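Per-chain residue numbering starts at 1, and chain names A, B and C are given in the order in which the chains are listed.
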């Protein structure tokens, strides 16, 4: 519980930093909306109307409480509801991140388990090479290569764009598969490495020796080791989810997916700081939540931590 | 010479390969003006989009610039941002961690809470957003006019600092509580002396491990930020901007334009990762839990 | 001497480790002994004597890179060394079970103790999940733990209770032989006595044979019929516990006995054995104890003494049955 409160506190603090930064960098929204010829009178009226003449901390408090009610404010540039724009773009980014996460978890764990169960074998050696490559090859370059060879060369998949689920699973997967695969490779490597190291470690433990001494079957022995090997892996997976959201921005740009990255880039180019603030806060919220999850997982799943608790 | 040989044996074949790759890239970055065959900014419209040939080993881009030269100069941007960010992060983080471990409860609470705050900031998103807010022009620092990527360097450096702070704090806390340090205090040794002779040396190994692995991450971040136009500004060469320019080439078939810059990034990062892993295995083989991801 | 075949007969068992230069260094250098049905045998020695390794080798639990480099372990009609993995797995836990030294690390921290006992049962019987839970509760009761503790996790129990749980897991399938590798070493002295008493009781109730490994001669002698003393990877003396205590013939056994202070002894300095046990990589050519032996003669350093029975009419110790019951054997050129 304390950890949750602490996270919320951190979020508020970080939100303040974000708020101050955007306020500091944005110059006068009044000038942007009303034009350069606006008179001082008009600017003062505008500022008063939008609460921009209140003390900064008060403005922040207003913004944060609105945020808590799901009101991300209204864009000064486009006049549109920020929350609305985010809600339009979020599911798209989410679709890619979720697919990438699923791929990373499934393949990462499978590869790691297999490598740990056959130490010294060909698979383990390939895994070691593969994980170094996976950790080092930038996801967006992988995306570009995939487009070049799979979309343009083989013509198996479209080179970009996005088809929502409403257009059918087939079309949806066609547009989300390559972005998700590019995004996932790094995390497959991360999770495979951790799974292998963790499982190899637990397979060496005394309680596995006991299980072997008492004649338990091999699958059961592996299960005994795996239960204890998984907590650090799950922790890492939770962290990975948080990081994936950030890298999804770049991947979206590569594949021309109209998710949050497009909204963010538009916000930047149009100097639309309400929108930018909202999007960045959302990302921060997701990232903090992922970190919190990871921390809680560590606390409650690790039997030693449980013992200490 | 034998010390070197012993060191080589300790970090293993992959560590040596990694170190060699890093050395090559560092050399390319430092000696770029001397070893690049052409001026990376020299335009030659007639010679544009040439595939790799004897005159241009890696071909030319859409403005006729030599790809190899641009890649060599691109190493400068990537390594400067990667290493620079780590240096800033280490300076901020290590000092913060030391103070937190050494200076008493109030400083400890304040600093570690600040660290927690910074650590909960998603790096890439904020880097993009803040450069976006500040704009992509060069930045005036005193008498110097610094290019845009310095903003990225500084930002990423600040966001890297929690890693260093936490590692330093963890080690320093243990050392400070150790009996032999208490004994030295009783003997009258000054704070600074204790920090430099007892605390810091013990922190050094994990700091070096984290630093090497974070440079790798920093390089990819620079490339990504430049890719979306918020890092190195054209016409300067950066592996990220080269890949961004090469996006059209995917459809028109000039394969050398997307392949080589990406290869350069990958090889550099592999080098740092191999070396960093070897150093970590050397100093702390059981660090299953201390993974650096981004 | 009874002609009944022993439950377990070990001949020339050897365990080795590959060294850096490719040779194999033996840590267990040819041991012969037997365990009679229903008997309790103690195996005593310092760390490094090879006592744990030998007993781990019985059910082929030696962790690589170590391996069994020779010998026969006859259990019933089968040689456990030559047996295939599948049949060996069936013997482990069901016919021969093992209890380890550190019950904290030897129990799975993420599963309840009842679950761990039930898993052993389900591995060897056709019991359903529910039935095995009931049987697990019974096993807990048999070792003196309340059955409602079966939902507890190992870290929630005391050291003594954890060891009882391990014993419960080991006896759940009513094995014929229980190997206990220093089961009390990690426990408090008062708890040690309880565990030893528990093992004695189980032996009576279940007709269990026991191999009890320890470095504590005194403790071992409370529960066993025979004692095997090991040093430097070899058996240096074995025999009925009374005989060994009253008339130890090997100098090492004598010194071991003398090391344990007795309340009735006159006050004075404690006895210790000079020197240190040999490193397995640097084993002397002859008797391993020669460098530290107060009775060493020239022959001791040069030649390895064979393990020989002390009774006039007994057979050569090489025969499997001889060491099973009653014989007192010594490997010494100059026994007391």
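Note that a contact is a pair of C-beta atoms (placed from the backbone, for glycine too) under 8 Å apart; a residue touches a chain by one contact, two chains touch by 3 or more.
Just so it is clear, the model here is predicted, and its values are computed rather than measured.
Q: Out of every possible chain pairing, name the one holding the most C-beta contact pairs.
A: Answer by contact count: the chains A-B.
Q: If you average the Cα atoms per chain, which one ends up farthest from subunit B?
A: Most distant chain from subunit B: C.
Q: Take the average of all CA coordinates in subunit A, do the same for subunit B, and state the distance between these two points in whole angstrom.
A: About 22 Å, centre to centre.
Q: Using mean CA coordinates as chain centres, what's the subunit A-subunit C distance in Å?
A: Once rounded, the distance between the two centres reads 55 Å.
Q: Multi-chain contacts only, two chains or more: what residues does subunit C have there?
A: As it turns out, subunit C has no residue touching two or more other chains.
Q: Quick one: which bits of subunit A touch subunit C in the complex? Just the residue numbers, please.
A: Listed in rising order, the residues of subunit A that touch subunit C are 205-207, 209-217, 220, 224, 227-228, 303-304, 306-307.
Q: Any idea which subunit A residues touch subunit B in the complex?
A: 6-7, 10-11, 13-14, 21-22, 25-26, 132-133, 135-138, 140-141, 144-145, 147-148, 152, 159, 187, 190, 193-194, 197-198, 201, 232, 236, 239-240, 242-243, 245-247, 249-250, 253-254, 264-265, 267-268, 273, 276, 279-280, 283-284, 286-288, 291
Q: Looking at the complex, which residues from subunit C come into contact with subunit A?
A: It comes out as residues 59, 61, 63, 89-94, 97-98, 100, 102, 105-111, 119-120, 123-124, 153, 155, 166, 169-170.
Q: Provide the residue numbers of subunit B that touch subunit A in the complex, in ascending order.
A: So the residues of subunit B touching subunit A come out as 14, 113, 116-117, 119-126, 128-130, 132-134, 216, 220, 223-224, 227-228, 243, 246-247, 250-251, 255, 258-259, 261-262, 265-266, 269-270, 273-274, 277, 288-289, 291, 293-294.
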